[in-house]
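Shared between the two complexes below is chain A, which has chain B as its partner in the first and chain C in the second.
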Partner chain A sequence: MKQILSAVGLVIALASALAMPAFAQAREVTFTIEMKNYGGDGAYLALYLADGEGQYQGTLWVAGEKSKYYSHLSGWARGSGLNAVEYDGLTGASLASGRTLKINLDLDDALIDSGYEIRIDTAVEDMRDHSDDIAVPLTSESAGQPQAGRGYIQSFQYDL
Partner chain B sequence: MLRRLHGLPGLLVALILTVLTISGAILALAPAMDRAAVMIPAAGEVSVAELAGRVVTHYPGTEQIVRGASGEVIVYYYRDGQPGADLVSPLTGEGIAPFEPSVFFIWMKDLHRSLLLDNAGRMLAGVMAAVMVLLCISGVLLLVRRSGGWKGLLKPLTGSGGTRIHTELARFAVLGLLLSALTGSYMSAQRFGLLPEPIEAEPIFPAEVSGGQPAPVASLNALKNVDLSDLHELVFPYQGDIQDVYSLTTREGAGFVDQASGELLKYQPRSKGSVFQQWMVSLHTGEGLWWLGLILGASALTVPVLSLTGVSIWWQRRRSSGLMLDNADVAQADIIILVGSEGNTTWGFARELQASLKKAGFQVHCSEMNALADHYPQASMLFVLTSTYGDGDAPGTAQRFMTKLNDFENKKALKYAVLGFGDRQFPKFCQFAVDVDVALDKKGLARLYSLERIDRCNAAQFSEWGDRISEQMGVPFTLTYEPLPPATVTLELVERADYGLAVQAPTSIMRFKATGAKQGRWSTFLSRKSSLPLFEAGDLLGVIPPNGQTARFYSLASSDSDGLLEICVRRQPGGLCSGYLHGLKSGDSINGFIRHNPEFRPAMGSHATILIGAGAGIGPLAGFIRRNTARNPMYLYWGGRNAESDFLYQPELGNYLNDRRLTGLSTAFSQSDQRVYVQDKLRQDQIAVRRMVDAGAQILVCGGRGMAAGVKQALEDILRPLAIDVATLKSQGRYLEDVY
Partner chain C sequence: MKTKTVVLSLALAFMSASLLADDDCNDPMTNWQPQENLRQKLEAEGWTVYRIKVDDGCYEVKGEAPGGFRAEASFSPASLMLMELEREDDDEDNDDDRYRNNSEKREGTPGSNPSAVPRNGIVSGRPSVTVE
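Up next is the complex of A and B:
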């Protein structure tokens, strides 16, 4: 049973957050996250952009709506400082065991093949946290290649 | 109103609450199981730095150390790129076992808080918790009303069967249930935004760290200062990232620890709201309070039984109430019948009275006492049939009667008669009926017939009252009350032992076994192998004589575990039912049913029990002795006529003395050379009796009314030096009577 969720938006928010040039071109990117059957409650996820050194650059998506649990997504929490401005309008429901989440986001063209990484932190109630469940470079080459996570994520891929 | 507030929601939610409480009771085991599986070092013995240092020697890829509420320590790590989690020893940091959250408990938790229905289920569970609060409060208020005040809650409760089980269990569990329900409601209200969530000030990640060479974790000062017992969790920095820090969460607050300097950074103490919330969670789940968890779990387990008995009580009430048919108009009626009833039983009697009077040609209006009119234009007679609630209070349908009576105008010179219904075992037997009788008299009404009090729905007493009324009115009619027929069992006489023929007191010990199926309405649904309900010595066997008259009751001397029903029956001169029983031969069958009589039982515990009886009253007493396999001190005083002829249970009592189930036996025979009664024997032993009562002994009396009065008088005299009387003992549940 797969549940497909989708989300749109972001180009303005992210572009301004990353201080991109005004002539930036948007490109729709589809992110697909498939969860393992880890058997617990709904997972919290933070999907974010980091630079080559792993420094936080901007939030792409947060699954899970109770902000009191956000500190368990520690890599993202550290980078975003849990500033609500960083994730406003970019949140959705938590992701149940075995489900798949599909998100469409408009990303600035200039971010691709420029040394950026997509990272995902995950956490589940009464179970361990996984910061950097996934860390993959944002390149045209890696696009369409499924990657296995090291925590609750079965596979992750993005399609440009 | 209060009863409705308790009954209706209870009916609606019984099933869901059963699911919630059983799952809750299972979950309540978790803290105790966790606690039992872990060795907890003494406070101050191990610091977080020490433990972390030991853990990293075993787990170089440690990411997170978590200390659970029960004191267990879990290490999350990566080894060769694979994530792992182990339960480790809090002392050595060595792995004990892989940590895998129990799938069973996770499922159970999901069932408990959302009925496996996600958000909608969570909401429903929250509503259930709130209903539970309502049920607890209304239930306590009902119980207070029933037992005549808050103090009455601590005394032994009266009542029988389902009601007794319901009230006893509820009294035991109500505090635990209320705590679970309140904390559950709180958590749910918070989740759905009805209550504010505490604002948790998260520490902000430090902008500046020293950036020096990371020091071994065991040497970090900030971690040395925290005792292991205060730790919630310690998250390690990314390996190789010198800009990263340790995140430390303790019981008191959260902050970061510099991996080079060991300094505590950006520490934030926990807000009061968050501490309060944590307490609410702990009080609900028993996390870290394993003993509380077990108490709450045990309380929760009573709910399925409370639901069942509650529904059955409701059904019984429902069954015995019914609509009044052919009720004459108030304005036209010659006779008014007013009914005060709590459990609806009294209505059955009122219907019979109404029907009989109608047959005799009267216009009869029957209504509840609360419906007392300002005046009755045509009526010449008023009958009030009322029970009493709790400690002499008005029952449900009579609560406004006394106030309404103030406005009542007695224009037609009404004659009245009050009939009270109650149970002699209650200290204020029929008190409300007494009050009504006096109030009507003061109001200037003339008594048609003086107050009569019916004990435990005694149909014969009711008929007798009807005869007296019929005489007074000069109108012939008879009252026969037939309670709803109980489900009966066919019983076959297997054995009988006859005594007392020579002394004109024919008494038989009769043993029956159940044969046929139940004849009640449930027989088709519940065909069990043994069709006998559960019973214990001291319960009553109702026997229906062949001509279908009302049942007579005999105290049981055996328990269901004996496989037989044993009763001791004295043939009464002209006795209909006892004559019938005495005429039975082995193999003959009778119809009978069990009526529970839990009031008449020896108390639990090791205090001495003094059993006193005469004649056939020995039946249940012999049953109690037979069951005394714990060998608690038990003394029997029994009176018969002649040792040669009616010494009931003589061989058995000898055996019980030998195997110490019976500690002492004193017999009195009135038609022997001794010419003594059982009360004389008590007086002979008065020093011993007094000493036993002083030490907490319980007294159970079974037999005829005359004997019981003599025994009571003797005991009053014996106990006088102790400044204690029989009434006090009764109120403490230490003086029980089963008298006929």
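Up next is the complex of A and C:
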């Protein structure tokens, strides 16, 4: 009996040891995107991570569920190749004019202050597409600082 | 004189049409690269190219993209830069709705399975999202 309990204890200890680093490395990040009153249909937008040279690294969120419109989010579409593995489980409804979207997600801590950027492409039906509506560095310094968008985004900020 | 006016009007009409068409490629033909260059570039990137043709001044490619889906894509003939990429399976819901009963109108192909867990290795777990 004692041996069984020791074995169970060892398994639990090992499992905790393996799990702890994964939790320790993740950082909860909140992205807040406030849209302008642009007066059109719901906006499609792709929030993604790029390196310092603007090269796509990974998708964080896609607002808009019809994949046939994804090609209008051109910077993100080019980088992701519109490969479903890149955005599976990371899509939701498009965002209406004047509304605010808040996204909470866990990001690897090592990505912060390491030369990465957050980029957002936006598109609205029958209106102009905006690649890089937002492009801001992912740094502790930029966190909490509202940024004005170049297209349909009124302001964007992320909080660590 | 009358002929001159008609020719001028037609010329202006064609010019404005090409200016309005955002999806067109406007590379001068002298700068175009051979289609074979594009085919080789795409195959090196993992594409299976079915055919390349010229459409609206762009190279239009039909094939299978590296993600394993059938795609139609436009490329600038000079720089071979990707201009537009469309998944072919999405064409099924393009304008077919006009043949359907309104009550059966489809909403289009969802981008992904919303309940799926992210698999891209950047985000762990499904994000929580609110709209205000």
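Before moving on, here are some points about what is shown:
Convention: the second predicted complex is superposed on the first by the 136 of 160 C-alpha atoms of A that agree within 3 Å, B and C clash if a C-alpha of one lies under 4 Å from a C-alpha of the other, contacts with A are read in each partner's own complex, and residues count from 1 in each chain.
In the analysis below, a contact is a pair of C-beta atoms (placed from the backbone, for glycine too) under 8 Å apart; a residue touches a chain by one contact, two chains touch by 3 or more.
Only a predicted model underlies this, so the values are computations on that prediction, with no experimental measurement involved.
Overlap between chain B and chain C is detected when the two structures are superposed via chain A. In the superposition on chain A, A:R150 makes contact with chain B only, while chain C stays out of contact range.
One of chain B and chain C touches more residues of chain A, and that partner is C.
In the superposed model, A:H130 makes contact with chain B only, not with chain C.
In the superposed model, A:G54 makes contact with chain B only, not with chain C.
Contacts of A:A77 after superposition: both chain B and chain C are touched. By the touch criterion defined above, A:K68 lies against chain B and chain C together after alignment on the C-alpha atoms of chain A. Judged by the touch definition given at the top, the superposed model places A:N37 against neither chain B nor chain C. In the superposition on chain A, contact of A:A26 is made with chain C only, not with chain B.
Once the complexes are superposed on chain A, the part of chain B occupying the same space as chain C corresponds, among 150-158, 258-266, 456-464 or 492-500, to 258-266.
Shared contact residues of chain A, touching chain B in one structure and chain C in the other: 68, 71, 74, 77-78, 81-82.
Those residues of chain A whose C-beta lies close enough to touch chain B in the complex are 39-41, 54, 68, 71, 74-75, 77-78, 81-82, 126-132, 150-151. Contact residues of chain A toward chain C in the complex are 22, 26, 49, 57-62, 64-68, 70-71, 74, 77-78, 81-93, 95-96, 99-108, 111. Across the interface of their complex, chain A is touched by residues 63-64, 76, 78, 81-83, 85, 101, 103, 106, 110, 197, 200, 202, 204-205, 235, 238, 241, 244, 247 of chain B.
The touching residues of chain C, counted against chain A in their complex, run 65-69, 71, 82, 84-87, 90-91, 93-94, 107-132.
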